[in-house]
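Following this line, the structures themselves.
Consider the two complexes below, in which chain A is the common component and chain B and chain C are the respective partners.
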Partner chain A sequence: MLELQEIIRTVMIIILSTVVLALFGIFFGLLYKGIDRKISAHMQGRIGPPIRQPFRDVGKLFTKENIIPENAVPWVFNLAPLIGLVGTISILLYLPIGGFRPLASVEGEIIFGDLILVLYLLMIPSLALVIGGFASGSPYATIGAQREMATMIAYEFPLAIIIITIAWKLGSIAAGGLGVENAFTLTAITANPVWNAVGPLGFIGLILLLLVLIIVTPAELSKIPFDAPEAETEIGGGLLVEYSGRNLAMFYLTDAVKTVVMASIIVALFFPYNLSPLLGLESIPAYILDFIFFLIKILIIIVFSVSLIRVSVARLKIDQIVYTYWVPLTLIALVGLICIMWDGTMMESYGWPKIVEIFGLI
Partner chain B sequence: MIEIQDFLRTLGTNSGFWNPLVWGIIIVIALLIAYIIRGRGKKEYKKQTEQTKVFLSGNPELEKEEMHIKASNVYWGFMESFKWLYTGLEKMHTGNVSDYILWFVVVIGIFFIILGVI
Partner chain C sequence: MKQTATTKTSYHIPVGPIHPALKEPVYFEFEIDGERIIDVNVKLGHIHRGVEWASRKRNPIQVLYLAERICGICSYCHPAAFSLAVEAAADIQVPERAEYLRVIQGELERICSHILWAGVAAHEIGFDTVLYFTWQIREKALDLTEYLTGNRITKGIMTIGGIRRDITKDMLPRIKRDLQFFKDNFEKLRHIFLDDKTIKMRSQGAGILTKKDALKLCAVGPTTRASGVKKDVRVDTSYFAYGDLDIDYITPDVLTGNINGDVYDRIIQRLLEVKQSIDLVEQCIDEMPAGEIVSEPKIPKLMNQLKKVNGEGVGRHEAPRGEVIHYVKFNGQTENPYTWKVRAPTYNNILPWIPMLKGEQIADIPIVAASTDPCMSCTNRVAIVNNNSKYELTKEQLHKMSVEKTRRFMK
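Let's turn to the complex of A and B:
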């Protein structure tokens, strides 16, 4: 009977976590969207909309007609936005949000998913967009969907290099790593910041990987300069051209939640630090402080990887997007990987100190 | 009785974890939430009117065959950005078996040299 009780308890935790995180993702996703729009407007010398504008946008879309084009495949056309939002919400469960352990790892011992799973789940919202685009029955949407597919193929390569490098560095013992067990799980990654495992050369490598991940983020979110699949001025919104009303609102919410997801992944991989241990706080004050600190970290990442880039750069053509990811960014990621690989050799053979020892942090 | 470990760790290697059952529960709940949110939106639209016609920036809608976008367009970005590579590869792609065997021998030779040096 005990086992059955445990199963029921675990299922209840998962159900509650899903509800809480869905609301968290949607609320903060829209809030950050508002902040991003405000900051972008100020950078362009405009006043910009109020921060609550995305909430109003969603409200407005819910009052608009939900048009299904006559060329569309109705059930796929309606289902795609739902799949996008559902897939994105499910990723939140596997990420350490607000300084807590991933909620889909009950008690921190039993793990339900790892970083590789997150990498696959990240494809769901993009695939939902592609499916919705193809189901629209519009040439603009078809072109947009094809571009989205090409963009996905392009950015997955450098993204995979980053994730594998970090997990390999943490998991290995020979290459100066920390010998962390289950290095692909986000619980292990956040508990053992990767900066603690590297020397000077590895530090450079990690900076390069962070730079690549920051440039992968706008493509994941279909933001300028990697928004060729939507390209309003060219193909009238691309894969979203035929969407309106509540279906468009679903994609709008998906985009908002995915922004939080991407920023949370960067926080988990590169900035998993909390303030509470530094200030010696425990229990509820520690949770509140860490949660606020997490929100600030997310905001800083969104400003750097979304707002700053989309304001300062123009849209790239699809061939330029492919080239950017497959040549310069893959090469930078590989250089980062090699730096981290040699870093271990330098530490082992020549006794190079770790970066935390140089700064006296350990 | 199902063992708790069987339920909680359905698939696991030494480094990877993936529990489809738990993901399934998450998906069902998230689908319910998304469906409730979607249900708050307006459902109606005017069927068989101008608004259900495909948006083509004011251009006339042609026959389906004429408006079809080829699936090979997916690769256009790759073909365009790696034109220099494909041009070289196309020249090598002669369709002559002797040429392919020659390439095979050359590549094997290079591998042997590399392995010999290392």
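Let's turn to the complex of A and C:
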């Protein structure tokens, strides 16, 4: 009986935490969307909508009629937004939020999910958009879906290079890394900031990788200059052209949550630092402080990778997007990879110090 | 649906009549292969309002205000061309000062229109920051227009035989200050449009109109000048005071050294024209002679004079989009014009769309279509309706009908 109670308790905790995480993702996703709109409006010399505008938009959309076009395949058309939202929220389970461990990681031997899984899960919302676009039976949506697929293929490669490089650097002892076990898990990556493992050359490499990751983010989120799949002036909203009411609201939420997810991944990979160890705080105050610090980090990343980029450039054509990712950005990512590789050799053969040792942080 | 034996690789997409890329209704039918445009068909007539028909119940002064409402942005050039046509028919001499004032208004409209276009073009390629920036400058131009004419858009400044408002000495400092503002911001605009990497990526090599095509299809205005055709009514016919001013054809090679005829060249062309317009306004302010501003200030007297006119006249004016032509005929019996025909510049710039768009990508459609600065409400003069449904006439049908009509006349 006791065991059963234990199981029920664990299951209840997991369900409750998932609900809390989903609410967290949706609330802060919409909040950051509002802040992003306000900031970019000010950069464009406008006043912009109030920060609570995205909440109002979603509330309004949920009350609106949900139109299914005549040519659409109704069950796929209705299922796609749901898959997108669920898929995005499920990524949150694998990410460390502030001082909290990822929900899906259990201490001990069993570790659910790592960066490779997150990489796959990140494709689900995009795939949901593509499926929904094809299912809506509109020529504009079809063009949008084709473009989304091309974009996806384009940015996955540099993204994979970044993730693998970091995990490899942390995991291998030969490359001057820290020899972390299970280096692909986010728990391990956040516990051992990658900046601690590199020397001067690797530092340059990491900066390059961070740059590439920041440029991959707008494509992942379909923001200007990589918003060809939705291009309003070209194909009138593209993938989403036939969506309305509840379904559109769900895609809107997917986009909002995805923004938080992408920023959290950047935080976990590059800025996993917390304030509480520095101030010597523990338990609840530490959690609160780390959580606030985490929100600020996410805000800064969103401002740099979404707001700043989208106000300062024009939209690219789909062939230009694919070229940008496959040639310049892949090359930069590879140069970063090579820098980090040589970094290990330099440390081993010539005894180059690590960055943290130079500054005497450890 | 019929199944064809071979696999069809191309598909149709409709753009318009209502589409975010289009500011006014026009219907494009594209045949697309992947992202490439194979064929394009343009259909017009969605915004026909019967303006010419409405003129039959109005006297020339009333038509002036009707002409103003043909189009919002061209609210000066239509009355200007109409006035030129009526003045030609009635043989009215315009005072010299009025000619200079007319140039100032015309060039101010060009500044407004080109800057508005620059914002729209930026919006079409997803660069909204530039849209807001350019429209802030346009706001200043509209303020100046309001200061000079009393209105911002439909100015009501033109009249037959002159102009309705003078520019007095105490107005000059304000005008000079605003012109200086345009000059300062012009440099910023030039930098944004000509040096920005993404704008270059989107506009260079897109929507090419060769000089040969531009000549063959009779393109007008900045569209044709950007392809290297030296065609400008202001220089060619020297109406208003343009003959006394220092003005020459502008083509994009002034700045870049060569002419490609692409969207980038059209951007350069319009920016250079804004600069030229600022220069022309300054020249006018310096050289303007004193004197009357209208040949006949009493409207009833003028109306009486026009009533007796029996003849026809053509007015040509270089509007921001190109040459606008108005044809007016009076029969000397009624005070209303017997005929009034408007040919707006966009009419000539529709056919060049086809060579521009063929072979381009879907993503190029908005910016290429916008690059001629189309103005549909100016252009739409015909809608063929039978029993409340629209139908089309082919070339053969039209030819047959023309022959029949000629036979009828010959009887």
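The criterion applied here is as follows: the second predicted complex is superposed on the first by the 348 of 362 C-alpha atoms of A that agree within 3 Å, B and C clash if a C-alpha of one lies under 4 Å from a C-alpha of the other, contacts with A are read in each partner's own complex, and residues count from 1 in each chain.
FYI, a contact is a pair of C-beta atoms (placed from the backbone, for glycine too) under 8 Å apart; a residue touches a chain by one contact, two chains touch by 3 or more.
Everything numeric in this text was worked out from a predicted model, so none of it was measured.
Within the superposed three-chain model, A:G236 lies in touch with chain B and with chain C [touch as defined at top].
Contacts of A:P139 after superposition: both chain B and chain C are touched. In the superposition on chain A, contact is made by A:I15 with chain B only, not with chain C.
Look at A:V130: by the touch rule set out above, it reaches neither chain B nor chain C. Of the two partner chains placed around the shared chain by superposition, chain B is the only one that A:L85 touches, whereas chain C remains out of contact. Of the two partner chains, neither chain B nor chain C is touched by A:I302. Once the two structures are superposed, chain B and chain C can be ranked by residues of chain A touched, with B on top. Using the contact criterion defined above for the overlaid structures, shared-chain residue A:E65 touches chain B, although it does not reach chain C. Looking at the shared chain after the overlay, A:A256 reaches neither chain B nor chain C. With both structures placed on the common chain, the touch criterion links A:Q44 to chain C but leaves chain B unconnected.
Chain A uses residues 139-140, 143, 146, 236, 317-320 to touch chain B in one structure and chain C in the other. Of all residues in chain A, only 3-4, 6-7, 10-11, 14-15, 18-19, 22, 26, 61-71, 81-82, 85-86, 89-90, 93, 104, 106, 110-114, 116-117, 137-140, 142-143, 146-147, 149-150, 153-154, 167, 171, 182-185, 236, 241-242, 245-247, 249-250, 253, 317-323, 326 touch chain B in the complex they form. The touching residues of chain A, counted against chain C in their complex, run 43-46, 139-140, 143, 146, 224-225, 227-228, 231-236, 311-320. Residues 11-14, 19-21, 32, 34-35, 122-129, 132-133, 136, 196-199, 201-202, 361-366 of chain C are the ones touching chain A in the complex.
The touching residues of chain B, counted against chain A in their complex, run 1-4, 7-9, 12, 14-19, 22-23, 25-27, 29-31, 33-35, 37-38, 40-46, 48, 51-57, 67, 69, 71, 73-78, 80-82.
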